[in-house]
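These notes open a run of structures that come right after.
In what comes next, subunit A is part of two complexes: it sits with subunit B in the first one and with subunit C in the second one.
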Partner chain A sequence: MPGVDLTIEICGMSGDGTIAAGTLLNEALSGAGFSIIGFDSYPAEIRGFGRCVTRSRFGTSRMLALSDHTHVLISLDDQQAISRISMLGKNAKVLFDNKPAGTVQEGMSIAAHTAPDADLYGMPFTDLASEAAGTTRGKNLAALGCFTGLAGIDPRFFYTVIEKKFRAKGETVLNANLNSFNAGLTYAHTHFEDAPLVITAPAPEKKKVQRIMLSGNAAIARGALDAGLALYFGYPITPATPIMEYLAKTLPQKGGKVVQMEDEISSIGAVLGSFYAGKRAMTATSGPGLALMAEMISLGVMSETPAVIVDAQRGGPSTGLPTKTEQSDLHAAVFGGPGDSPRIVIAPTDVAECYQFTLKSFELAEKYQTPVIVLTDFFLDNRVENVAAADISGKKRVDGNIYPPKKEQGRYQRYLVTPSGISPRALPGSEGYIYPATGLEHTEAGLPDYSEPVHMQMNAKRHTKIRQALADLPPPKEFSQKGPLDLGVIAWGSSFGAALEAVLKARKKGLAVGALKVISLFPYHEEQIRQFMSRCRRVLIPELNFQGQLANLIGHLHHGDVVRFNRTTGTPLLPSEILLKIQELLQKDNT
Partner chain B sequence: MKTSGRILAQKVQDIQTSGRLSIRSASLPTWCPGCGYFGIHQGLNNAIQQLSLPHHSIVTVTGIGCAGRYAFFNNTYSFHVTHGRTLPVATGVKLANPALTVFAIGGDGDGLAIGGGHLPHMARRNINVNYLLFDNSMYGLTKGQPSPSSPVGTKTKVSPAGTFEMPLNASLLGLSYGTTFAARLFAGDPESITQALIEGIRHEGFSFFHIYTTCLTFDKENKTWEHLKERVHPLPQKYDCSNLSKAMAHILEDDFSTGVIYKKS
Partner chain C sequence: MREDHFIVIGNGPAGSQAAFTLKEKAPEARVTIVTKEREGCCHSHLLPGFLAGSISEKKVFAISLDHYTKSGIKLRTGQSVVDVNPQRKEILLEHKETISYSGLIIAVGGRPYIPEPLLAYREHLCTLKTFQDTGTWRQLLPAADSILIMGGDLTSLAVTKSLLALKKKIYFMLTGEAFWPLRFDKALQEEVSGKLTKRGVTVLAGNKLVGIEPVRSGSCRVYVDGQKIKVDMIGAFFGLVPDIGFLRRSGLQLDRGVLVDEYLCSSHEGICAAGDCAQIYHPEIKDYWVSIGTKNARSLGKIAAVNLAGGRKKTRVDRERIFDIQGVKVNTSWWMEF
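Let's look at the complex of A and B:
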């Protein structure tokens, strides 16, 4: 039997419980053993047009990206869901609330809008809930019950998550929701005897893997907490704000503080102050905030002060597209700020890496005494994945600080030039190591000095240090067969999953194609990237920005053609379009 | 000029060798001879001395400009940051390690122009940082441009016809932002600076010190030593520093009284 790979959308008006239903669906499917990637879309306006959509792709193999089409659409409000019809694939199933004729506004039943090949399942969600629980509020649960019945999924997976979600709200609420769900389930069973859409749960794993449903933003916050974050300073900005919200709830319990600052400049300023005084701190922002931080980041570089900055990218330039995804801050992250100011920039490619590399960034920032930018984007921040608990916990905080030895007391030089470029760093409050830190060019003692040898020596020191960090940074990861390749696909950040899926599909078609995941964007692993490229006749770099910013950064390492594949529509890259590009390129080569 | 520089260097050396002011670093101040900042330096150092604060427990966060160079002239931990950003950095330092005594030091350009957006929020947060704003109404290190506290009509190379902007009153701003401790002081009176600083450092919360000083190199008309000495005077004897509305009324009436103008009880 071929593996399951399905995409379900739930669409409704705000107040219909759309998001809640989507969350329950994800949790239940995760409990059934499926791999899940979910991504909700919502308008930028607070009330928007009231439309809520949750989109979940789930399957038996690991889900790497979003899919092109929706296989099942559950409509909680037809007027809203009609707009989602364009996403439906062939023979899609559409579940909708078949209210009695006359109660639906003319032309507003989804049944009148779908293509002829769609399978329509009209079921009285509202009435079922109302009869079962005495309130129409459970119509989202009734809809889930209908879906479960139609798909022949074991309802126990849903009972578990409904119980978990509503138990705390008391017996009455819990029962109302369970009854609504069961009413839908029974209705589907009695009206559609043979489940028309059989979704078989994967065989239980031999060793039970505990999975947690997590968004990229939550994973970042958890990574920071496990790193021993003491202080968070931030300024609200989409799509980074959920990190602050998560930490506002959790950090104070660990004795830390979340402080909302007056702007992004003060946020990064306070982060630098905190690290300077010896405590781990973080800020998270998006492109407009990163631009404001540029001068302070270069202060961190010059004064060799650690900092951790999350840049949750959105569409730009300027205020741009606040609720759309894009990968267009790469240049700003790597090069932003005055002068030659090398810093570390890493980009996770999935939710588990959001946790892992945020945690790692604190250690790197301390060890290399430098600002570290964790580059994510709207899609990665807001997508949910059911990650293995082992991948996002159990990591211990590693102290990256290198302190001066006792013998240096009294004659300590903060910016001592060493072979590694790293100078032991004393913390304020310690006796015998007083020094000035400064954004001016300075001597080993930290005193201003603009002379030629000093500036040359110190520039070299700062760059040596960052190059050394390569040893501690996650190297590029290759997914390909051995030997020469007709095409190598190199991708970063949230787009990597789509690139990998496209490459895997191309290989199944017999094409000699490989993928390379680049995580560390500055410094980058020049040798490994060059080696991969040298085996590729052509290189394709797909990314969600207009100019091809990764191609600009590493394209010169390739001896031949670097093909850019760029799109700025505000939506995530899809495996199908990358696959199409791969086929097109290889076809051209053969003709 | 050269002679006065040598005399000054000799003076500093004498002070250092006497051990009376070990708080001074080995780097000699680079301020122009006769600069008002020497008086503030002396006032602050005496306060540190009198409070017996261990030097390694002090962090001095400074901005950009002549006042920013303070970072190099004292034997304390110091962080010379970017233009206008002393208060955010000081916030991070103090929250990270509350045992440290934290000073933020910057000029009127640093604190009222580029960094003017931080003072209100520092006051709101009321974190225990001591902020010294050196106000000489002049950009000195960039060789003489008007500042936000320069009077209307200030003539400089970039304002040959005289400025048209109204001056900001730093003390009044501090009070209106809700600062819990505010003092207005004069660089020519180090002793009163010391007294106010001792009180402010002991104050649990944000302390704001607005210090009138002079730029004798670029300001020949406005805040010159002569003018300041002539006008500056202590607060009235029966002045009540616990009454905010009276303090504000007083500041509006009298531009040159000095002392602790407000202390929230």
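Let's look at the complex of A and C:
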């Protein structure tokens, strides 16, 4: 039986319950055992007045990226959904409300715009909801019911999630939603008997894996909570704000505090202050906020104070494209700020890694006494995946602090030069361990000193320390066969999934191609990357920025050709375009 | 000046031909086809061969969907017209969208006719008109050893031929309407009956159906007069009736089909009809006739389009090919050797 790999879009006007329907759909399909990657989008302006789209790719094997095309489009508002038609693949199914309040003129219905090969299913979503529940509000549920009926999916998966979502709102609301759903289901069963879109759920997993539907942002917040976050300081900015919202609800229950600061500078200042005082703290921002933080981050570098900063990238420069995805802060994250200020920059590639590496970043920040930037982007932050519960919870927090030994009491040198570059860090208020901490260059005791040898020595110390961190940082992960490769694809962050899918498809076509996932962007594992590159005739680095920022960073490690594949359209990279590039490059090689 | 917008309802041989001709005669005009079929132009006459496996799906849909797009024709599939308003020059689609036209061709063909007494057994009767219908046949055929063909219009003979090729046991019930739309007479009945029997078909001539009783999924016990036969499938072929129910409120002159003159123009300006759904006036016989068959449909579609685009072309039909069936004059171009 061929595996399922389908993409469903729900599109409506805000107020239609589009996002709620998408969430229920994802949860239900997850319950049915599918792997899911979902991505919602909404316009930059005011959320209350725009088009809402939820996009879910689900299948029987692990979903790594979004797909090129939509196979099923559910329109809750034709005027909005018409714009999604360009996404439809061949023979796509389009479900739409065929009983609008009055007649509409030519072109106002989605049916006027679909290609002849599209399969239209007109169903009276609004009427069904209103008859079943006395309100049209449940039209999104009626639409889900219609879809479930057409697809022949067991409705119990939906009952479970509807129940979970609405139970707390009381019996009346729950029943209204269940009734709307059932009305849609019955309609589809009676009008389209031979379920035209049979979606067969995968066989149940042998060992039942509990899965949780989670966004990248939620995973980051959970990672921080499990790391024992005490304080969150932030200033709202898309796409980082949901982290603050999540923590505002959860952190106080754990005894922590969320403080909305007046800007990003004060946010990072407060984070440094907290860590300085021995409390784990975090801030999350986007490109414009990271730029404001640059000076303070370098203070963290100079004063060797830990900090955890999430940079949720969006289109830039400046205010840029607030609701579009891009990977163009890599240079700013790695090099941004005055002076030689090395810091750790780590980029998760999926939702589970958002959790794991945020958690890890606290330990790294403490151990290496440095700001750690967790670099994500709009697509990774807002996408949802049904991750195994074991991958995103219950991980033990590790205290990374190295405290000075007792013997140093009274003669404590905070910035003592050691082979590793790490000097034990005392917390303020410890008797006999008092030291000045400053942004000025300083001696081992912390006293300001601008002399040549001191600056040379301290620069070296700070860089040595960061290089040492490689041992604790996740190494690059290779996905390929042994031996020489015609092409190696190296990718990072949210684009890695698309790159891996492209490589797996290329390999199925018999091409000698491999993929390398780079997680730690600074410091990076030069040796492993070099080794991988040395086996590749050519290297391709696809990324969502104009310059090829990862290529700029690591391209010099390869003796051969490094091909950049850059796009700045604000939308995630797709496996198909990377695959096309791979084929194009290898074809050129053969001619 | 507002651009012309020609709408063709139906994408069978008549409708598709009409649309392509319109685009040819009036290249500047918008041409839209609205069809309730989900697929492209289905050549129904190839469906029996498709069931037998001798005709490919690609051949059944001889015109590719791309060809419409490339020709500048907007094809709306899976959309039904539920009303026509000649005063406002508008059609209304089932999903409540109205479209204005400057010229309209109705080419909705026919739908399978089931005689009133048999409606009670509808769920056991398989018809074959659209490509979707083949789904049921293809689902049931592999497990069906014996099949009863009822009614017996021209299509039933083609279907029987295909089923014999699949080595099925066929029972054939020749009734009074057996040769619709051909003239029914004893000589013809005997001729066909003889040919069928020679091919191994069990002919139940002149018998009357008493009842149908499902046995297990798909199989039925059929009571015909005194006898009882067990079959795995029943095909019903009682001819096609013009599918014009949606025009009842339009004010257009209707009888069995849409009444049109020899130029295929209806009682209302700017509206023509073509193909199986048109009932055409024939000045020589001073009566209306219905045309059946793919070739007829195509040529009528072309004539309707030429005339709607400002031409003046008459339909032509040989007198001797017109048959009188239940008071309706029928022309068929496809009576084939069985």
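Everything below uses one rule, namely that the second predicted complex is superposed on the first by the 583 of 591 C-alpha atoms of A that agree within 3 Å, B and C clash if a C-alpha of one lies under 4 Å from a C-alpha of the other, contacts with A are read in each partner's own complex, and residues count from 1 in each chain.
Simple rule for what comes next: a residue touches a chain if its C-beta (ideal position, glycine included) is under 8 Å from a C-beta of that chain, and two chains touch if they have at least 3 such contacts.
In this text, all values refer to a predicted model and were calculated from it rather than measured experimentally.
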Room on subunit A for both subunit B and subunit C (clash or fit): fit
Partner chain(s) touched by A:117 [first = subunit B, second = subunit C, both, neither]: second
Contacts of A:322 with subunit B and subunit C, given as first, second, both or neither: neither
Which of subunit B and subunit C A:296 touches, first, second, both or neither: first
Subunit B versus subunit C as contact partner of A:106, first or second or both or neither: second
Subunit B versus subunit C as contact partner of A:430, first or second or both or neither: first
Subunit B versus subunit C, judged by how many residues of subunit A each one touches: B
First, second, both or neither for A:448, with subunit B first and subunit C second: first
First (subunit B), second (subunit C), both or neither touched by A:98: second
Per-pair minimum CA distance [subunit C against subunit B, superposed on A] in Å: 58
Shared subunit A surface residues [contacts with subunit B and with subunit C]: none
Complex interface listing, subunit A residues touching subunit C: 96, 98-100, 102-106, 108-109, 111-112, 115-120, 122, 194
Residue numbers on subunit A that touch subunit B, as the complex places them: 230-231, 233, 257, 259, 261-263, 265-279, 281, 295-296, 299, 303, 427-440, 447-448
For the subunit C and subunit A complex, residues of the former touching the latter: 38, 40, 65, 68-69, 75-79, 92-100, 135
Subunit B to subunit A touching residues, read off their complex: 25, 27, 54-57, 59, 61, 71-72, 75-82, 85, 87-97, 99-100, 117-118, 120-121, 125
